[in-house]
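Next come two complexes, and both contain chain A; in the first it sits with chain B, in the second with chain C.
Let's look at the complex of A and B:
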């Protein structure tokens, strides 16, 4: 048992370490580019709201949405698609054959990805506050941090779940991901509150953890914010349930993938 | 030979984009692809702005649709170098073949452009009746705007393809910056006149921005916002054509320089396990 736990932890650390270390050595230009690109996209929507003379609150909403966008992109392109990419590079079969559990590998990816995204998200937020003179209020920093972390855990649970699906369906899922990226960003309320969709539609899009997480954070960070869907405490509870459910499904799917790979020699070979 | 190569590359472009699924499903994919752009315009301008009958809504709607075609063409054509070198590993074979690589890229761009255009057309079939849009459509001007717009987008694609030929890593970070920057100054979602000083000036002369505005002009017979309003049509047309032609010329020159440099340095078959 102790050996299994040690192997799990060492695998997770090893996979996460690459992403953490890479930020400051190999991937510095990628970091700068994604921060600049993310900021420019956020700026588009800030200027858009200013062009239609929307209240300044909407600029703050876009800012918080822009803060969470790197996490969503990281979940989609660095967690959900990761196993597919490992297969295309020829690494997946080696990973499967090793004694390291696949779930530890994905956990390391997740933690490393969170670290990567946090650097980007914080820089984008700070630049946005400075350039657009947006003010946020923090009544209790620890509540904000806990809500934020729970939102992330639920969101990355979705990513881990989809990583198995991407492996099953390969190129088709990659296409679906690229076409789904923008609609999910819109539906999640990155650019505007989900309350605008109406109660029924907002309930449906709430299945995306990002939408509830954003709604909760906006309630905690914007003064006199009234465009919320549900009270943030209810949203946090729902996010905790989502986190548990998605993580459970992700682990079951990953175990199934490992079984198919080892028993039937499917899914892990390049161009299969 | 050039025509044969062009037709072959158009065919390859369509196949690369579509052969991952059945043709009917791909048609559905084409239909749904631009919907996110349409949706966001509807929500922001329709519910938060001045409603579905306002000039600003039409401005953003048709701006987004035009942007979708031109940006899709630009990004996908520029990325072709990485696709061919890293994923399909055929770049060196294409270069040593009798087809000029620029002709091949042109074919890939035309194929992508055609597919995006089909997607937009499918959506226009429901947009016009649902939103009850009145237009003063000029077919000739529309064809000119789309054609010259493609030229400008292709020129930009060549410029960034030249960068990718010399960057021997699957370097997609530049695309992140381009995507955000292009969206900001394109004038697709809002009039660039609200941008601060220098950005507004850049947007006035940027090829894709002028192409999008010309497309809107061809559909509505006038400018819908202060962007280019007050500018004589001849001056507007001059800026539009010259900016896109310059984009093509700069792209061609830079691409030729980059391609010969990449061949000399042996970059055309370098792959990255990254």
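Let's look at the complex of A and C:
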């Protein structure tokens, strides 16, 4: 058992290291581009709300949405797609034939991805606060941190779950993700409260952990925020359930996909 | 000797939508013993890679029974994975943003090797492959030959009991290939019980490296033995080549006096003739030499020619290796 745990941890750390190192070597231009891009999108919505004289809490709401956007993009393009890329690069078969669990590998690149995204997210947040003079209220930093981490865990659980599907369906799934990126961003309420959708539609989009995570964080960081969908404590509870369920499904899917891979020779061989 | 690998009635069929099933491996049987370098030799598309992927738990067999290190490839996957490694020729494993040392460390962690021990092994093997000075070079800055050597080190640092090498010298120049072959020979001789199974379509490589060779063609095993036995099996005759000064009369004279098969190729531009002899026994060559010297012909070169694995393949399959690849 101890050996298995040690192998799991070593694998996760080793794969996470690649992401962390990548942040400080290759990714400087990417970092600048994504920060500028994220900031400009955020600025568009802030100026839009200000031009129609919306309450100032809307600008703060956008800021929190802008802060969470890098995580969502990271989940979609660096976690969900990653196993597919590993296959294309020829690494997947090396990983699969090692004793390391694929879930540990995925966890490693997830944690590394969180680290990468945090740098972008924090820079965007700080620039936003500085440029737009938006104020956030932190009543209890630890509660905010815990809610934020639970949101991330549920969100990255979705990424881990989708990584198997991306691997299985390859390029087709990649196109679906391209098409889905913007609608999902809108449905998650990155730049407006999902309460505006109405109860039924808001319930549906709440299946995306980003939606509930954002709603909960906004309740904790904005003074007298009344546009929330559900009480943040309920939302956190749902997010915890999502985290557990998505992670469970992700691990089961990984095992299933590996069986299919070996039976049909579809996944580890690049040309198949 | 204990069996490292047991293959019985192995069959692998690839099925595709709207395409007829393709039988990549058909009713294959062979054993590999501990301590052996065992070669799967065959032209491209013969089914070598499919076999190695089944043995390394990357593919399920469609039919048959396969044990690796005493474990079933279907049921005991985890046990097999902890005692094997696979290196594929031409692969570019790892990430360009990592250095050679970092990359090897990363792969060692997938086998749960303690960092201190991993770094010790990395240093040892990088020195053996003469790449210690490149340890801090990024992977995307390495030449093909260097990448191949790093791949091999990746396979060795986990200290596998059974090492699978799929075309390990593919795309390497002569010197690169020689270095890789030397490393394999050194590694297997370092400790008892290590086994190597390699696939190759280079006959000379199989001949030089392997204790035993399985020749496969179109998914079927056509022969399995030591290189010497395989070559001996195709002919009892002894072959010799002798170079003498060019002479117009040479052909008639020897065809009438020699008991055996003789062919003569003239190279008047070089002033030489090449006599190829096929004799029933080695001792008959003495008579032939006597006749040459009696006639005052100077022997410029003399060598005994062994049949090659290419000859074995032609004899068994009825076609040349390249012809089979081109089909």
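Going forward, the second predicted complex is superposed on the first by the 268 of 272 C-alpha atoms of A that agree within 3 Å, B and C clash if a C-alpha of one lies under 4 Å from a C-alpha of the other, contacts with A are read in each partner's own complex, and residues count from 1 in each chain.
One rule holds in what follows: a residue touches a chain if its C-beta (ideal position, glycine included) is under 8 Å from a C-beta of that chain, and two chains touch if they have at least 3 such contacts.
Note that the structure is a prediction, hence the values are computed from the model and not measured.
Visitor: Between chain B and chain C, positioned on chain A by superposition, is the outcome a clash or a fit?
Guide: Fit - chain B and chain C, as placed by superposing on chain A, sit side by side.
Visitor: In the overlaid three-chain picture, which partner chain does A:98 touch, first (chain B) or second (chain C), both, or neither?
Guide: second
Visitor: After lining up the shared chain so the two structures overlap, which partner does A:223 touch, if you call chain B first and chain C second: first, second, both or neither?
Guide: neither
Visitor: On the chain A superposition, what angle, as a multiple of 10 degrees, is formed at chain A by the C-alpha centres of chain B and chain C?
Guide: The C-alpha centres give an angle of about 90 degrees at chain A.
Visitor: Of the two partner chains, chain B (first) and chain C (second), which one does A:37 touch, if any: first, second, both, or neither?
Guide: Only chain B is touched by A:37; chain C is not.
Visitor: Would you check which partner chain A:18 touches, where first means chain B only, second means chain C only, and both and neither mean what they say?
Guide: So A:18 only meets chain C here.
Visitor: Give one of first, second, both or neither to describe whether A:252 is in contact with chain B, with chain C, with both, or with none.
Guide: It touches nothing on chain B or chain C.
Visitor: Of the two partner chains, chain B (first) and chain C (second), which one does A:182 touch, if any: first, second, both, or neither?
Guide: Touch status of A:182: first partner only.
Visitor: Would you sort A:89 into first (chain B), second (chain C), both or neither based on which partner it touches?
Guide: both
Visitor: A:191 in the overlay: touching chain B, chain C, both, or neither? Say first, second, both or neither.
Guide: first
Visitor: Chain B to chain C: minimum CA distance in the overlay, Å?
Guide: 6
Visitor: Which parts of chain A are in contact with chain B and also with chain C?
Guide: Shared contact residues on chain A: 89.
Visitor: With touch defined as at the start, can you tell me which chain C residues reach chain A in the complex?
Guide: 14-15, 53, 56-60, 78, 81-82, 84-86, 88, 91-98, 102, 105-107, 109-113, 154, 158
Visitor: Using the touch definition up top, name the residues of chain A that touch chain C in the complex.
Guide: 3, 6-7, 10-11, 13-15, 17-18, 21-22, 25-26, 89-91, 93-100, 105, 261-265, 268-269
Visitor: Going by the contact rule set out above, which residues of chain A touch chain B in the complex?
Guide: Touch list, chain A to chain B: 29-30, 32-34, 36-41, 43-44, 47-52, 54, 58, 88-89, 171-172, 175, 179, 182-183, 185-186, 191-192, 196.
Visitor: Across the complex, what residues on chain B touch chain A?
Guide: 20-21, 29, 32-33, 35-37, 39-40, 43-45, 47-50, 56, 87, 171, 173-181, 183-184, 189-191, 194-195, 273
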